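Residue numbering begins at 1 within each chain, and the chains themselves are lettered A, B, C and D in the order written.
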Amino acid sequence: MTALLPHPGAFAQGIFMYPVRVYYEDTDAGGIVYHADYLKFAERARTEFMRCLGWGHDRLVAELGVTWVVRRLQIDYRHPAKLGDCLVVSTVCDAIHGASIEMSQQIARGDTILTGLQLQIALLTPQGRPARVPAILTESLTPFLAQRTSQRPWTKHPSIQ
Amino acid sequence: MTALLPHPGAFAQGIFMYPVRVYYEDTDAGGIVYHADYLKFAERARTEFMRCLGWGHDRLVAELGVTWVVRRLQIDYRHPAKLGDCLVVSTVCDAIHGASIEMSQQIARGDTILTGLQLQIALLTPQGRPARVPAILTESLTPFLAQRTSQRPWTKHPSIQ
Amino acid sequence: MTALLPHPGAFAQGIFMYPVRVYYEDTDAGGIVYHADYLKFAERARTEFMRCLGWGHDRLVAELGVTWVVRRLQIDYRHPAKLGDCLVVSTVCDAIHGASIEMSQQIARGDTILTGLQLQIALLTPQGRPARVPAILTESLTPFLAQRTSQRPWTKHPSIQ
Amino acid sequence: MTALLPHPGAFAQGIFMYPVRVYYEDTDAGGIVYHADYLKFAERARTEFMRCLGWGHDRLVAELGVTWVVRRLQIDYRHPAKLGDCLVVSTVCDAIHGASIEMSQQIARGDTILTGLQLQIALLTPQGRPARVPAILTESLTPFLAQRTSQRPWTKHPSIQ
């Protein structure tokens, strides 16, 4: 049998798209996705975004000696997701600074954006100290830098092609 | 753009196979997957197993007036899964009783079985009362009934073809 | 045996203080608390804050016909929490609007603020439609309204006595 | 202000009792506690049981060079817990073997046992290899060894005084 692999997500016109199915574990007694679980969906997508660029966690640590953490995030909840929904998380990189990266993400069901996130990601050494963004990482990310638009997070992520 | 969908799993020689990627959310400070999170992986797989047979949660409630819950489970942890691992959950149905279903599941990384589960699944009415397994559900499941073997859960799930 | 109850939190000089212990379930392979789990700690504290004012989920639904949800939140991660840590979540109400409430929360270990949150909470009907903040709820919350200060979230929550 | 601490649980007639409140994070769209979350409640209780005997995670590693993991568990779900419930997890040690410990736990709401667990706990070195139960740990646990009864897990944990 050939390998059976989860969907790793894919770039479409410069935006990284990652699919998520909502299971019971993600819902709460309100019948909708628990508010903290959107952060999990978003992190799965960022992980695959980085892996798709060649920077899985292992390689980041082994070659660059860094790991990334969320330093700040804002999340807007517009519409709830429900059990069984198929969602898509779109991820773009907004800016690269000396020791941090700004990203924005949207979680949508079909054409409806349910949730928008803006994040500041920091790089840390394995000892937990701030690290500068290595030049080789900046190079990898630069082709996927999106123009920050004032309408975000509620305008659909534009193509950057 | 065509729809971007998570991998729904697939039957291979009568066994339902569902892939899972391990993310940070699934790990703990021991550096391995948190023991309760294997139950989440297993439930995702059972959900897709049922959906693959045509019995998503919505249809179960709408047409048969039932939902399923775990009544009992045993889980054996043999080897730990780690951050970034690609796992496959294999699921078989061992027996169908009047008001419950027995299933067994294995979570493997490549050829190594990490975790084995044996479950008793009960059907409930929306009011939470026990319900009999509807004949049409038994019909759906019967082709996928596996022979229970004493070696389980540590023998690899056999083909039932 | 008398009833054994979890600590429900308590007001101290107008600020609601709620204690949390960090368990394995809250940590990740980075050896620290998973970033989404601070949202769980914060929600436990808001739930107890409301219950302490007499507004448990049940009574909110039964008497006022509303439930509350997070509409927007910003969270800043300054220092990580670790396995076994005893944390305190402090919660204040910053403002009451027609159909939403602003709150801020801090998660501290001893004198060190680890994480700060700013939230906009909305009220919904059981059908998920926006609801106005009932007068009786405004009355309950008003004594605990804190002065918003520009230094937040990194200045310790001030006493409002 | 004196320290604000979560309830650490307590021994009552030889049984370790630990209280848990059910929050939104613990529930699912079925309106009840998600089946995997009982494992979290149970682990919080085992952690406090061990800490109460003087064996917090830190000391286990520092002094004995071991950590403990679940090797096998069986869980029976009899009645569901709901949002806002106050539960009590009772924990007893059933047996101490060369390299593992058997424990049983019950999760109850008032006089109703909702869930029963039987666990085999193994000790591991920091490198993940099996370790023998140190004599000093056996000494700590022995006074709290309960007689295994055939009625378990559905007979209430008996006093061992």
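Just so it is clear, contacts are C-beta pairs under 8 Å (C-beta built on N, C-alpha and C of every residue); 3 or more make two chains touch, one makes a residue touch a chain.
Please read all numbers here as calculations on a predicted model, not as lab measurements.
*Asks:* Chains in contact with chain A and with chain D: which ones?
*Replies:* Correct list: B, C.
*Asks:* Taking each chain's centre as the mean of its Cα atoms, which chain lies farthest from chain C?
*Replies:* So the farthest one, by centre of C-alpha atoms, is B.
*Asks:* When I count C-beta pairs in contact, which pair ends up with more: B-D or B-C?
*Replies:* B-D
*Asks:* Take the average of all CA coordinates in chain B, do the same for chain D, and state the distance between these two points in whole angstrom.
*Replies:* Their C-alpha centroids are separated by 26 Å.
*Asks:* Starting from the mean Cα coordinates of chain B and chain C, work out the distance between those two points in Å.
*Replies:* 36
*Asks:* For chain A, write out the residues touching at least two other chains, lowest number first.
*Replies:* 24-25, 30, 36, 40, 43, 83
*Asks:* Quick one: which bits of chain A touch chain D in the complex? Just the residue numbers, please.
*Replies:* 24-25, 27-32, 34, 36, 82-83
*Asks:* In the complex, go through chain C and note every residue touching chain A.
*Replies:* Residues of chain C touching chain A: 30, 35-37, 39-40, 43, 67, 69-77, 80, 128.
*Asks:* What residues of chain A sit close enough to touch chain B in their complex?
*Replies:* It is residues 1, 3-10, 12, 17-21, 23-25, 40, 43-44, 47, 56-58, 83-84, 86, 88 of chain A that touch chain B.
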